[in-house]
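Please go over the structures that come below.
You will see two complexes here that share chain A, one where it goes with chain B and one where it goes with chain C.
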Partner chain A sequence: MSAVSIWEKMLNIDRRWIFLSIGVVSIVPFFINFGMPVVTTDEVEGIFDYMDELGPENAIFVSFDFAPGTQAENMPMAIGVIRHALHNNVPVFMTANYPLHHGMMLAAMEYILNPNTIGYYQDVPFDEWSDLRESGIVARDDLEEAWEGQGNQLPEGALGWAFEGRDYAMLGYAPVFNLVILGMTSSIQTQYPVDTHGNPTSEMPMLQEHKNLREVDMALSCSGSAACVWWVTYAREKIGLPIAFGVTAVMATDYFPYIQTGQVIGQMGGLRGAAEYEVLLAENGITPSTDKAFTGMDVQSAAHILIILFIIMGNIAYFAGGFHKQKTLKGRG
Partner chain B sequence: MYETLGIWAGAFFTLAIYSFLYKENPIYRLAEHLVVGISAGYGMAVTYEITLKPRLIEPLLSGDHWVLIIPGILGILYITRFIPGIAWLSRYPIAFYMGTSMGVAFPLTMKASVLRQLEGAMVPLFQEGMPWYTSLGNVVMILGTLAALIYFFFSKPHKGLFFGTGSKIGIWIIMLGFGATFGFTVMGRISLLIGRVQYLLGDWLHLIE
Partner chain C sequence: MKRTVPLMIVMVGGILMIIQYFIPHQISQTIFEYYTDWAPIIVAFALVLGVGSLTRIHSHKIKRRAQNWPYSWAVLIPLYTMPFLAHIWPQSLGGGMDQPSIYHFLFMHIQVPIQATMFSMLAFYIASAAFRAFRAKSALATVLLIAAVIVMLGQVPIGDLLGKWLPSTGLWILRYPNLAAKRAIMLGVGFGMLATNLKIIFGVERNWLGGAGK
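And then the complex of A and B:
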């Protein structure tokens, strides 16, 4: 029985040691902050700059096209862009293309409007400002002034008010979503007569000002599937609506061609893309600090270094052990 | 109380799924089956609550939108798949859906995913005032696209200068693409792990913010 060389041991290492190493490396950087910088890229800056030009007279769509499985990557992108919109008082329509994605939309708004979140927005539900609406006060600045004139004070820690129906509308899930996008090019209200909370969309000032996708300025698809292309196919190509992508890292390379052709204005790829948007928000004073995506980037870097080391070690063992001259590794049949 | 219970349940099932990394076990199986069952149940509840009820049942019951009876009947015909004698009726809604989807999608998809991409590949290799790196990028893109297409051209043997060399360059270009995709895939998988670790250390154990 021949002795097993160190190279052979290395190549046949129990994979559970590798899982354990990745696990340790994914935990330690949360406690020891390396503070590795996140450099922003043109693709993400393109979305940020475009968003930053918009104001209360504009409107955007944020489409939740992802399930809990890719929440870690897609959620920070959606949250970042919605916070940017709320800061600039840009009305945000939110949609979902699948029942599970509807839950992601609810979770995102729960986070943004939660007083425990650093830099949250104080929610004003649709019914609570019905008196102002009925008296014709719907312009964003007038509305805030009138609301505060009624004795409402912005709580400490809140970055601003979020008036449902003026600043945001949770339209939610609708079946056969590609046809819903197509339908919204003519009328949003026919596709969504009521929002998630049962509020009639026809009474929402933001919908009265932006009746269809032709009157909207951008759609961001935060997607864990090819559904993001629906926005290009049915909205960009039909009516020229500017589209931005927030896609998982796995999908990122597939959608770079859409940037090169000018069909999308920018793309956030994976957690890294979301972290870049958080950096831009914090650097421009839109949020008081970066958020979860940025925090995860130290871990990401550490894990990547470890994986690179494993690949190098594996190759050294493979060639030093002479296995490139053999058809199979020992012990692997 | 309910929120705390939810967080503990989330933490338990996260650890249950990761226990598979050690070895297959009944706790992992339980979590796996629950994911499938709960996802389906949640999907049904959401579909009923925000689609069927407000968009079909309530308008029909109000008596104002009788035209909705047509999509309603078409939808019900799907269920006939479970009744062997009349299962053929389910072909009608499928045919309707496929026909409309094809009709609507074909011209726009051709434009978005084929014609625009072709247009994007028709760029000048060099023109006055163009930076050298843009010119180089355009050359790499056009030659890379052509070489990759040659690799997938199987009607001629991959021999000679055009087909032989072209397909060899093509496979290198494809491998570079795979490499970039693999790198992004590793990043994506680690990102998902980071999300779970943030949940466990933050939401559950409150060790990080």
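And then the complex of A and C:
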């Protein structure tokens, strides 16, 4: 067998071998935890530091602007920031710009409030604390004290209470979301008279204290599409609302100009960005440990190394076989 | 008439929306609020139009036994099943966090895995494409290849272990050369959008009318 035919054979390798090797390196790290350290970047620290300064008198928006296709990257970002907010008792409004994204919002809260999640928050639905609300106890510290005074004990393993309407509000999907953002610059309640569970938003203390986006301190758009730019166009530029992005890795390169101009306070790019936020949460004692994004970084490391190896092998075969001198290369594609 | 009226509506609406943005007066604010109230209602009609059109096209395909007609059932059945289930069990619109519903079940166990699978398949195709197409054929292609390898390694923890310069060089590429190129593209697109919008508002660009009034 001539040397050229070996290189040609290598270049025309059956693509199923490539698929198989990617499959193997994607699965194995889930069973063998390498736990490689994730170094944080300024872009993610910008969001974390900003969030850390907020307290119960502030409020943030987390917009679920992604579909299930990109949930592996976007979901941990949203979960990380919501857990940070719940830890600091910062009220969180949650929206979705598309019906599918509404399901992602529900899935995120299902995870955060699920007792099987390590470091979960104990949910207190809106109706369950109506007596305290009616008696005027709505300030966060007073509410928790009064709630526990009624004999409610924080379950073991729970990091805190999550009062619906005080700590979080799932506003969900509303059609023509760019106009919804515009509308919320005047009134959130006009755009969302009821939340996802049918609770009247006018009765929610967090909405009474933050009537429109001008009274909100940050919006994080976790996005798998260019919808995140709507927040800059309609909220940042119109009323000066600070915006943060949580975008997929392939999108991350698009939004560096927004960071440089200061239109966006920070950006979590892809799984790496989410893992960085998880590291910051764990290092600062906000969550007991890192979560899914951090685990996924081992998989991503292995996959990136393999793809780079493929590129190197492809180039070696291409040049060593002398194919660069030919005008066309036979291949099976 | 069929062309003049829509052109007038677009011109008046477009100019009003431009003016209201720059003039923070009560009147402009009222116009803006009217607009944000009306627009979703108009879009709701477009939704009816869209569902109606989709139903008509696919039912015709099924009737005529056109090529790949069975797939039309795959469009029509979920199109009507999901809203139907959502209205039978209204709590499903709330996600069924405490009360699991069929709607919620179908979303979480069919829609989510289908989309996640489709997206995750990218990894396999990217690996295959990288092996076959990413060649250092010219100086520019070599620069692209080196930049890609540095950014890829800089994005993962193993890059930190290989050398601190890798992630910092990767970030430098993203923060400077990438930023400059992106900004140039965005500005070009922005000016293009501005020019197109002005052409539509002033009736120079009329393709959006389709064949109306001809």
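Operating definition for what follows: the second predicted complex is superposed on the first by the 325 of 333 C-alpha atoms of A that agree within 3 Å, B and C clash if a C-alpha of one lies under 4 Å from a C-alpha of the other, contacts with A are read in each partner's own complex, and residues count from 1 in each chain.
Quick note on the criterion: a contact is a pair of C-beta atoms (placed from the backbone, for glycine too) under 8 Å apart; a residue touches a chain by one contact, two chains touch by 3 or more.
It should be emphasised that the depicted structure is a prediction, and the values quoted were computed from it without experimental measurement.
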- Task: Check whether A:232 is in contact with chain B, with chain C, with both or with neither, and answer first, second, both or neither.
- Result: first
- Message: Taking the superposition on A as described, I'd like to know which of chain B and chain C A:109 touches: first, second, both or neither.
- Response: second
- Figure out whether A:30 sits in contact with chain B (first) or chain C (second), or with both, or with neither. first
- Query: Does the superposition put A:154 against chain B (first), chain C (second), both, or neither?
  - Reply: neither
- Look at A:193 in the shared chain and tell me whether it touches chain B only, chain C only, both, or neither; answer first, second, both or neither. first
- Message: Quick check on the superposed pair: does A:257 touch chain B, chain C, both, or neither? Answer first, second, both or neither.
- Response: both
- Partner chain in contact with A:179 - chain B first, chain C second, else both or neither: both
- Task: For A:139, select first, second, both or neither according to whether it touches chain B, chain C, the two together, or no partner.
- Result: neither
- Message: Touch test for A:71: chain B only (first), chain C only (second), both, or neither?
- Response: both
- Note on the structure: Shared chain A footprint, chain B vs chain C, residue numbers 19, 22, 26, 67, 69-72, 100, 102-103, 174-175, 179, 182, 196, 198, 249, 252-254, 257, 260, 270, 272, 300, 303-304, 307
- Message: Please output the residues of chain A touching chain C within their complex, sorted ascending.
- Response: 11, 13, 15, 18-19, 21-23, 26, 36-39, 41, 67-72, 100, 102-103, 106-107, 109-110, 113, 174-176, 179-180, 182-183, 186, 196-198, 249, 252-254, 256-257, 260, 270, 272, 297-298, 300-301, 303-308, 310-311, 313-315, 318-319, 324, 331, 333
- chain B-touching residues of chain A, taken from the complex the two chains share: 16, 19, 22, 26-27, 30-31, 67, 69-73, 98-100, 102-103, 172-175, 178-179, 182, 193-194, 196, 198, 229, 232-234, 236-238, 248-250, 252-254, 257, 260-263, 269-272, 292, 295-296, 299-300, 303-304, 307
- Which bits of chain C are touching chain A when the two form their complex? 29, 32-33, 35-37, 39-40, 43-44, 47, 93-95, 97, 104, 107-108, 111-116, 118-120, 123-124, 126-128, 130-132, 134-137, 145, 148-149, 152-153, 155-158, 160-161, 167, 171, 174-175, 178-179, 182-183, 186
- chain A contact footprint on chain B (complex, rising order): 21-22, 39, 42-44, 46-47, 50-51, 54-55, 100-101, 104-105, 108-109, 111-113, 116-117, 119-120, 141, 177, 180-181, 184-188, 190-198, 201, 207-208
